[in-house]
Structures are given as C-alpha cells and as structure tokens.
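What follows is a set of notes on a single structure, which appears directly below.
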Amino acid sequence: MRYGSGEEVLRDIGLSINAGSFHYLMGPSGAGKTSLLRLLSLSQPASRGTVVLFGRDVARVDRDELGRLRRRIGVVFQDFRLLDHLTAFDNVALPLRIGGADPERISAYVSQMLCWIGLGDFIEARPPQLSMGQRQLLAVARAVVGRPDLLLADEPTSNVDPARAERLVHLFAELHKLGTAVVLATHSRELVRRWPFPVLHMERGRLIRALPAEPRAAVG
Amino acid sequence: MASEALDLPLDDTPASRFLAWFIGGLTYLAVLACAVAVLAQGTVERLADTPRIVTVALPPVDDAAAGEAEVRAVRALLEGLPGVAYTSLVSKEELDRLVEPWLGRAGEDRPGEMPLPRLVDVRLLPGPEPDLAALAEKVRTVAPQALLEDTSPSHGTLETLARRLRWMGGGAGLVVLVLTLVVVVVVTRMSLDLHDETVDLLRLLGAPDRYVARQFELHAMASALKGGSIGFTAALATLVALLYLPPLLGHPLFAVEPRPLDWILLAIVPVLAALMITVAARLTATIGLARLR
Amino acid sequence: MRYGSGEEVLRDIGLSINAGSFHYLMGPSGAGKTSLLRLLSLSQPASRGTVVLFGRDVARVDRDELGRLRRRIGVVFQDFRLLDHLTAFDNVALPLRIGGADPERISAYVSQMLCWIGLGDFIEARPPQLSMGQRQLLAVARAVVGRPDLLLADEPTSNVDPARAERLVHLFAELHKLGTAVVLATHSRELVRRWPFPVLHMERGRLIRALPAEPRAAVG
Amino acid sequence: MASEALDLPLDDTPASRFLAWFIGGLTYLAVLACAVAVLAQGTVERLADTPRIVTVALPPVDDAAAGEAEVRAVRALLEGLPGVAYTSLVSKEELDRLVEPWLGRAGEDRPGEMPLPRLVDVRLLPGPEPDLAALAEKVRTVAPQALLEDTSPSHGTLETLARRLRWMGGGAGLVVLVLTLVVVVVVTRMSLDLHDETVDLLRLLGAPDRYVARQFELHAMASALKGGSIGFTAALATLVALLYLPPLLGHPLFAVEPRPLDWILLAIVPVLAALMITVAARLTATIGLARLR
C-alpha cells in the first residue's frame, strides 16, 4: 500500500484474522499501524496484493456490496473524525441511520450507549465542546453502536484516563465474546499485560510477529 | 431527540448559505418574466376578439355610374366572403373630412369637383389574423385598381408588441430557470469538493451514494422552497403593484386582468423550479459521487 | 473559567508554579486539565479571579505585552494545531519567525530540532502526510524550539510509542534543568513513576492535590 | 529551505483564490477607462490647438458703398480684438457657390441682382473656448444687424464629446478602483473569518497584530501584482488593437496618438491600484484583528 505516488508504506503483509478473534496491533510511531487499518477498513485499496474480508476479495466487489461490507465494520479513527456540526447523539446515531434502522430504536440505543460510555451529560454537546478524552469516548461509541462484525480501533485509549481505558477494553472484550473480531492498535504495554490477547507487531511497514501467517490479509 | 441537522454541514458553506437567496432572486425574475408572457398572451387573445376594419380604396373615376357599379360589385363580393361581418361605403362628407388636412377644405382651397377615391370599410369577424393579401387579390378580380389598407395600424403594433412580449417573457423565464439550475449544479459540485472529508467519512461508514446524494438533495430542496417562496411573494407583490397602482392603469398593455388560471400558472413556476432544483442537486451529487470509489 | 455562557469548568484553583519547576497535571477525562492549560497559555481569560504570569496580572497587560508574554510560553496542544498547509519545517519555524529570529539561525535550529526529535526524514512533509505520533512529535518540536520560559504540554506522549515518550520526557527534563518551568498533563502513571516530579491532581474542575497552594494561579 | 508559503492558507479560500482574477478584470476595466480619458484629453487639447473660424454675416443692403463701409468697419473692429488672427471677406464667387444649392445658379434660376448677405470669416487664435456672444455684441456696435455664426459645428460636437468622454473615462476608472477596493476589503474580512482558527493559533504563538495583518497584506499584494499585470497587459493589447487596427483608424476620436506621457500615466494605474489594494488589505486585517482580544 502506498499514499499517492510515494513509496510503499506497507510491505509483505501476510495476515489472517479469524472471526471473533482479538488482536493487538503494536509498533513504533510511523510503523504503519494506521495504514494497515486503512486497508482493513476499506478506506484505501491495496496497491499490490489482495485484501480478503468476510470471505470476499474487496478489490472485486461492486459499490453496493462495498457499502454493505463497510457497514459490518466499526472503526475508531485515530483522529476520531467526528462531525463537529452534529451533537454527540447524532454522531453516534450516524451508522444506525445509514444502516436504515428505525428512529425509535436508534434513539433508545444511542442514549443507552452514550450513558454507558460515560457521556450521559453530553448528549446534546457538539464535539468541539468536549474534552479530548470525551471525544475519544464518542468515537468509540460510534464505532460499536452498530454491533459490527469487525472492530478496528486505532489507539482508542490514548486520550482517556486509565480507569476509562480499562472500561473501553472491557467493552471490546465483551464484543469479542459476542463474536466481533477486534483489532486494537495501541502503544500501551499496560493494556496488553492486563488483557492478554495475541499481539501483531509492526516495524517499518512490515508485520514481524503475526501469529497465523498467510500470504494475504484475510478477515472473517 | 433526533435533530433535523444534515450529516453534511452544508449550511456552513458561504456558497450554500446563499443558495436560498440566489434561488429567491432568480425565482423572482422567472415569475415576473412568466407574468409578462401570460399577460401578453391575454392581450393577444383580447385583440383577436376585437373586430377589425380594413378599407378598400377604389381610384377615382370620371363616370359616376360605372363607379357606383364597381363599388356595388366589390361590396357584394366582400360580403359573400367568410370572415367578413359587413361592409359600408364611406360617405362623401366623411371623405371630405378625411382629406381636409391634406388637400384643404372642399370648395375653398380646392376645386369642389376634384376627383376623390371611393372608400369601402370592411368589418372583419374576430378570429385569427386575416390574410389581407389574399383578400386584396380577390377584390382585384372585380376592381383591378383597388387598394386594400389596414386602417388599424395601432392595433397591429400593439398586437405585434404583445406577441413579442409573450415570447420574450416566456424565453426570459426559461433562461432564468436554466440559470438557476446551472447555479445549483455549480454550488452542489463546490459543496461536494468542500466537504470531501465528511463525504468520505459517510462512505466509510457504509453510506450508499443515494444516502449521501440525499443530503445534497434535501439541502437544495430546503433552499429552493425557502428561496422560491420568498421570490414568488416578492414577484406577486411587484405584479400587483404594477397592475393595480394608478399611474400604470391606463396603459393598454396592462388593461388585461390576469385570469384565475393565469395566477395558477404563475404559482406553478416556483413549484416547478423547486422540483427541478431538487432533481438537479441529486443528479449532480450522484454523478459526482460515482467518480469517487 | 467558563466556555461561552456555560457553567464554570474550573473552580477554586489556587496554584503557583515557580520558575524552573516541573509539574505533572493529572486527572480523569473532562476534569479540566486542558482548560487550566488554556488559562495558563493565555488562550482564554479567567471569568473570575486573576492569573499572574511572570509576575504580571495578565488581565491587565496590553496587546503588545500579551504577545511578548505568549512568546515566552511554549504550548503542545492536545489536538496539536499544526498548520496543514505548511511543511514540518515551516511549522516548527513559525514561533521563531514570529519572534523575528534571522533566517539562517532559524534554518539551522529547526533542522537540528527536527532531526533530534526523529523527524529528519520528514522535513518537507506536511502534517496530513505524517502518522499521528509523528504529528505529535512535530507539535512538541514547535513548542520547545523557541526555548520557552514556560512549557505547557497537554498529553504530549499520548500518541507515541513508549520509547519516544521516554525521549520526550527526557527532553522536557533537560529544558527544566535549563530553567524552563514545565507543566505536563498526562494520563500515564508509568511516566510519573519513571520521572518522579510533583503531581497536580484535578477532579471536576478542582485542583485537589497542589503542592504549594496559594489563592491564585501564579507562574514565573 | 525556508519556503515562500504564507502562515495562513489564504490561497485555499475560493474567494481568495479568485482575488487575483477579480483584480485582473477590474484592472483591465480601469486601465481602459483611463485610456479613454487620456485619449479624450488628447483630443480636447488638439482641438484647442486647431484655429477656429467664425463667420460674421451682414444683411444685404441696397447701397453698395454704405455696405462696403460697414464691412470695413467690422473688419477693422475685429482685427483690433485680442484672440483674432485675421479676417477675410468671402468673395462674390464663393458666396454664389455657397448659396447655389439653396437658391439656384446665379443668372439662370435666380435673378443675378438678388441681394445676398456679405460674409466675413474671422479666424480666431487657438486657445480656450472663445466667448462668441460677447464677440457678437461688440460687432453689433458697428453693424447692428450682424449675425455671428460658428461655422465649425462638428468641431463643437466633437469637442463636447471629447470633454464628456474625458470625465466619463476618469469617473469610470475611479468607480472601478473603488469597486476593487471594496472587493478586497470584503475578501479580506471573509478570509479573516474563515481562518479564525489559524489566526488564533498565530496569536497564541505570540504574533503581534502586524505580523498577522502582514499575511493578508502579502497575499493581497501578490494577488494585486498578478492580477494587475494580467489586466494591464490585456488592456494594453485591447488598446493597441483599437488604435491601430484598420477599421477604426479613420474615426476622429481615435486620430490622436497617445503620447509617451499618456502611456506612463496608464502604467501608473495598476501600480497605484496594487498599492491601494495592499494598504486596504492591511488596514482591513488590522481593524478586524483589533476586534479580537
């Protein structure tokens, strides 16, 4: 994978993530964690090689199918990518609205989600009025509210206090138990110590300690 | 709790924010242009309804009896034609009055026996524009030197003016509508570019193109309804002022009252515009989105 | 202090930071750490009470003096606030240019700074082309390049790997030795363990464990 | 390594990006307007330099000797006046030629002895517009029935036209300049709003207002120089085409070649505009910034 016409930032990635698995993605800054997650979240096509997701080669699916695949993935972006002009409620409701859920269920679900994650007092607040940690919680809430089959979380605990980080990983673990495959990019060794799941280690665009290595990225 | 906010912050673009105002101004112009067309059409119809007079002039002859026979023949021919209501010979006194400004008073400045042409007024039935050349041709079969004159020149000018105004008004209305659509397309394209990050996010969340396009459609529709009603109201006010305020009441072009149907026709303009704007925004967005993967 | 017409987010802050001191600022998400740093960085005036900086009541200084005071402060914003249209070099050069340093010294200084911090390969890159960790390093570089008298760093290690975080705190400690007062907001207990400096603890807009408590915020 | 980029991404605003083009278009118009003014001024000066002839007409008299005495008296009076170069009596032959189209050929269509007025051509020295009424008054002291005619009517129209064009060109140039300044002020204000976050950051880094204002100033100056040179070049091209292309060469208004000084004057327009634009941007930014704390 490459950005624009630059050199490839990811090379020789062989990775297979099974349905309902849980992996950490670790590695120094600039190693390519976010880039790998971009591949998996279908943000960017692979410049070489194939990405297989839920049993389908994503380079070959049509637009509608691509949308459907994306709706099965929840992403916590490293820069959150919240919509500043929408309230916390509307931000979290977005994936459900796009999925076509009915308004009442959305309302119940979203309020519940926000309260659970600790933003019950900020339902009508807009992202710029939230502290950075609160924004991160909001981003997580948006990613998990649709009960995705695959959750990609890019350093989702970097801006929250340890207690909340704990709670978030607990949430991810619960989802994992319900069958969601989770990939969690993080710098925190503490998290890995407390929640021991397999670790994918990256360095300079290469995956150097993947557990079940295969010559392509496959998920699901 | 579900708010009315769009997923795209479209109201935050300067261009988008002014879309409603653009549309308002253009609707105003379109409605006025169409009003001109509609009123002109009314005038054309009214003119077609008023009877019309043409005059047949027979050159002066020395033999009075032969002259009278010629006149009789011409009148008989004309009254037998379809589209002619009746004919009447212009009397000697009226004729004298008509030529007075040109030739002087009979008996005083000019010899009384100076030969004058004989004039026959032909009153045509109301209806479509008569073919005067054909009429003249027919008259000349009995009176070879007869001349046919359309004695209502102001009628003709007014009708030509009304016809022109009808086309011009309609044309201007159309041009303005097209212009509005162009503005909508350009603004939608700009918004699509400006909000590419948000559009990107929506697509990453799995939104199909129709979902994203709907955002632009909704915004365009809201702008069109808002702008359209403002523009329509303003145009109506202008129109009523033009039609019913004293200084303009006298002008023959404004002598026609719009009929109820006319008002309905005018009301259709902003509705039609709103519809077309909405469709244009949706199409532009859909096409723009299809370019992205 | 309050945002807009909302309720006060900071209350009863009594805080005095001495020249050349080093404090951690800790507390749960939404406690008001960033808000306190906004007060100290002269981003926002206090709604009540006084802020004394370098011996001056900042509510009373004129525009020029305010600029001068701000130039003595280096800030690592929690959201970085890098200028996306400028290269890494220009971003770091910004405080020096504003300070009116001469171009040659700027060039030497900035290049040196970028290399030291580990962005030597990214001098001409713009922020959107950098990984989040790299952006954070850039934000730190911009904050320290002018050798400020007061350094306010809002979770400056949240997005970098532990090795780089270590290096950054080392940098801050060096500055501290050279006489810079440092306030470092962080969630990382590990940092505090490894570099034991006094901790200011915040909770719901209140400072609950400040070391030398005085009835106003005074620095310098 | 220090790049030329501004601290504010001003070129990224649509409004800002088009600033150069705006300025280009307006400079084009301003230069053309000023060219019209300058050429008209040239025409006015040239017309003032060409000598002017007025004619004194003395009514026909029966007594030839008295008539000749009157003519002599009038000529003596006129030649003594300041501003008069010389006078000449229009000869009998010339007079015949003059009246021929009106009264017919002498001796043929008209009795040879028909009395004709006597005409004295008065050639005035070049200079400011002469007071013809006062001149006529003076002549009437010796020949009470004398009439004074300005025999160069086209000269008068042309001069009036040229004078009007001079003012209109200058006025239009001024209006365009003012318009440019307004656009610059509006665009600068919009940019200031649009980039409030970046402006805020610069101020947090301790940038004094003049540093931030300088960003807007530099951008406006760059736009002005770019737009100004484009507009100036285009205007020059248009002007040269108008002046030296065959179809227009004949028209008297374009008979004046611009003098070197004129070209320099025209070149000053974009430079002056650029200067004013730069100052306007700086002032607008400074005032806008002063509102923030």
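The chains carry the letters A, B, C and D, assigned in the order they are written, with residues numbered from 1 in each.
Here is the rule we go by: a residue touches a chain if its C-beta (ideal position, glycine included) is under 8 Å from a C-beta of that chain, and two chains touch if they have at least 3 such contacts.
Note that this is a predicted model, so its numbers are computed, not measured.
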List every chain that touches both subunit A and subunit B.
-> none
Overlap of the subunit C and subunit D neighbour lists contains none
Hey, how far is the Cα centre of subunit A from the one of subunit D, in Å?
-> 71
State, to the nearest whole Å, the distance from the C-alpha centre of subunit B to the C-alpha centre of subunit D.
-> 43
Distance between the CA centroids of subunit A and subunit C (whole Å) is 30
What positions in subunit D touch 2 or more of the other chains?
-> none
Within subunit C, the set of residues that touch 2 or more other chains is none
Under the touch definition given earlier, write down the residues of subunit C that touch subunit A in their complex.
-> 3, 6, 27-30, 34, 78-79, 129-134, 136-137, 155, 158-165, 187, 189-190
If you look only at subunit D, which of its residues touch subunit C in the complex?
-> 1-3, 5, 7, 9, 12, 197-198, 201-209, 211, 293
Mind pulling up the subunit C residues that touch subunit D in the complex?
-> 41-43, 45, 63-64, 67-73, 75, 81, 83-87, 89-90, 93-95, 97-99, 103, 106-107, 111, 123
